[in-house]
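Okay, handing you the structure first.
Chain lettering (A, B and C) follows the sequence in which the chains are written, and residue indices restart at 1 in each chain.
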Amino acid sequence: MTTQTNTSQTGLKQWLTSDAPQSRWQAKCGRVWLGWLKFTENKLAMIGLSIVIGLILVTIFAPLLAPYDPLAADLTNRIQPPGAEHWFGTDQLGRDILSRVIFGAQYTLLIVGLVAITAAPVGLLVGTAAGFFGGWIDATLMRITDVFLAFPKLILALAFVAALGPGIENAILAIAITAWPPYARIARAETITVRKSDFIEAARLQGTSNMGLITGHIMPMCISSLVVRVTLDMAGMILIAAGLGFLGLGAQPPMPEWGAMVSDGRQFLLEQWWVATVPGIAILIVSLGFNLLGDGLRDVLDPRGGD
Amino acid sequence: MIEINKLNAWFDDNHVLKDVDIKVPKNGSFGLVGESGSGKSTVLRTITGLVDDWEGEILVNNKELGPTRDKTFYRLVQMVFQDPFGSLHPRHTIDRILTEPVNIHGLGNSDARVVQALEQVGLDNSFRFRYPHQLSGGQRQRVAIARALILEPKILLLDEPTSALDVSIQAEVLNLLSRFRRELGLTYIMVSHDLAVVAHMCDDIAIMNHGRIVERATASQLADGRLEHPYSQQLYKAAGGYDRAVVDSFVDWD
Amino acid sequence: MSNETLLSVKNLEVTFNTPKGDVHAVRGVSFNLGRERLGIVGESGSGKSQTGRAILGLTAANGKITADQMTFHDVDLANLTPKQWRKVRGARISMIMQDPKYSLNPVMTIGDQIIEAYREHHKVNAKEARHRAIDMLDAVKIRDPERVFNSYPHEVSGGMGQRVMIAMMLIPDPELIIADEPTSALDVTVQLQVMAILDDLVRDRGMALIFISHDLQLVSSFCDRVLVMYQGHVVEEIKASALHEAKHPYTKGLLNCLPKMDGDHSDLPILEREASWAEG
């Protein structure tokens, strides 16, 4: 359910759609393939996916794609409007905005990637443990979660960054700390719905330990809704990261982070609109991409649909 | 093989089992009949440790059970659930469902065991790597039986194993279960709402109502309709199909 | 039982378009229905439920219905607009589904739902509707109709819920009731009690009933006539009282593979399916 590596050849297709797979691997691939087919039916989700893939490609090939050094100031060319030489113009230090946006992609990806791989597992673990054991474990874990949920995300992130000091690492950390509680809630809700189901009790009667039940039987039931939620949240994370950057608490100059770039361009917004608008559009497109992708994934991964 | 004395159980404040006594000899087959809420399934769930709040004496193989069950217990006693759609993990392949118990109990040779277990229940190897949703109800129930048998237990608890199946599939599964009792020397406790199924499968039968056993009968007594308690008589009549006059004689037992 | 024909179905076909290709759920089903009780029996996937749903135009969106004829009195059920359907569904033909839990609205009281069903088709004031609803609850032998009237669906038992469903479906006084496994989720005795209520009401009001079920014995003890379906075809039509004279091997096989209370523990006969049955 993680990556889709498919080429559509006819022999392969038969292998994938077989009703009687010959190996664990084939069964897994077949399942992924069916999900992929369903996903491709959703045009908007495909657009979202291409935006996200585009973001990844831009990140990887940034040095090849960017026409200029994103950090090289050229004071003779300050605040040039978009033109043949600088497609998106230049900023107040004469840096090429296109190159800065291209290099900025890697920070965006870094932020959402790191937050997703730290916050989601923490939320999953907390939520499944709370839902599975119930009682005082549930009460303790969920009250802690509630404390985090009680603050608006951005305010809490601001507080953390203020305490930890500005910088992109601390911004990521702050976003991760504020991101896990909703995942814990989702995982707990899913856990509670499956906890008493026959297949969990059947596994218990096979002698499966509590740890085995949580990781092997309950977590797979939570992962779909979590993946969807994380993908949908990525847009929000990008916005918070940009917000922190905008307030000067995230990425520090001269780092070409999109939020910080919008902040820089704010002073010239009326006369030289492109300085703030171009990174703003980049934020918009990527956020939209993650949202569309999340919506499409929801259709595919919906626990009812797949079974 | 199994002896239960004065078993009482509670769900919160509900007293769901009241002084239940059951004795099943080795290779015997005991049937519990009742309507929903009679506590018949709770008896099985208490034996397997899925009910926390109980009192009384449960002896399995002459050994009294404590409050928790360990791995050796699950090698001896296994259970088949009613709903073949709910008792198999929707995201696990049949292969994984069958391999897991083998690995948990460290039996080794899991490949051969899985193939053999599938063969035992009449499923060929092409089913091995499918997901439960790719199987019919009857095939799923066969997988559930294979999962219970793969640990080579001596006792099988059957919780309405065929009530979710079509009658033609029910016949196949019941025959399969009868064959395992004969060939593997298993001991059964079977729970059902269907008198005919229990009469066909079991030697001794107990009829339950509101947590209590109201009547005990042998299969031949049941065959002749020699039942004394009015509740059992009502159940017996109800099994005969729709008859307007008979329905009028029904009394509510709640 | 009069000979007047209420419903006439000729060569009904229901096909579903699925990602794995077309699925023929119902293939060429024909029958006439008078003011009688007709059972449709079959195993899962036999098309019995889809036959019932097609009559009411309730086939899922990816399904296609074709029929040479499907008329209810003089109404052509095959070509109704949604507006015309509303005049038929509920008012003249109603359906009772298997599980009352899913058929009743959980956030409305039972009384309000019955009143809504009644006022949908009858212009009466609130007081009159309430009166009718309570009478109806009384008619389905609910002992304390006032209390049930004010209860929410989750507050009543399964058997009670199904009685409420019957009350709701019968209150507009339809001419035909389609009951799709209306009692399968209930305990045996409750099941028979609910059937008795349905029996009395249908008889008193002279309604026709299509009773869809997987239970051949139960249906034949309840209905006048039984259609046995297998893979979308009607393989046999028999008078319910003559069930033991069934000719088709499928019907016979279904009867034989039932466990019997005769103390015999030997293996049950297995139904051997033949490909030719599915060709009709």
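We take it that contacts are C-beta pairs under 8 Å (C-beta built on N, C-alpha and C of every residue); 3 or more make two chains touch, one makes a residue touch a chain.
Quick caveat, the model's predicted, so the values are computed rather than measured.
> Pick the pair with more C-beta contacts: B-C or A-B?
Counting C-beta pairs in contact, B-C comes out ahead.
> Would you mind checking which chain's C-alpha centre is most distant from the centre of chain C?
Here the answer is chain A, farthest from chain C.
> Roughly how far is chain A from chain B, going centre to centre by Cα mean, in whole Å?
47
> Need the CA-centroid distance for the pair chain B / chain C, whole Å please.
Measuring from centre to centre gives 31 Å for this pair.
> Help me check something: in the complex, which residues belonging to chain B touch chain A?
Going by the criterion above, the answer is residues 48, 50, 71, 74-75, 78-79, 81-83, 86-93, 95-96, 100-101, 104-105, 126-127, 129-134, 144, 147, 151.
> Contact residues on chain B for chain C in the complex?
35-36, 137, 166-172, 174-175, 178-179, 193-197, 199-201, 219-220, 222-225, 234-235, 238-239, 241-244, 246-248, 250
> Under the stated contact criterion, what part of chain C meets chain B in this complex?
Against chain B, chain C makes touches at 43-44, 158, 187-193, 195-196, 199, 214, 216-218, 220-222, 253-254, 257-265, 267-271.
> Which of the residues in chain A end up touching chain B in this complex?
Counting only chain A, the residues touching chain B are 19-24, 26-27, 31, 197-199, 201-209, 212, 216-217, 220-221, 303, 306-307.
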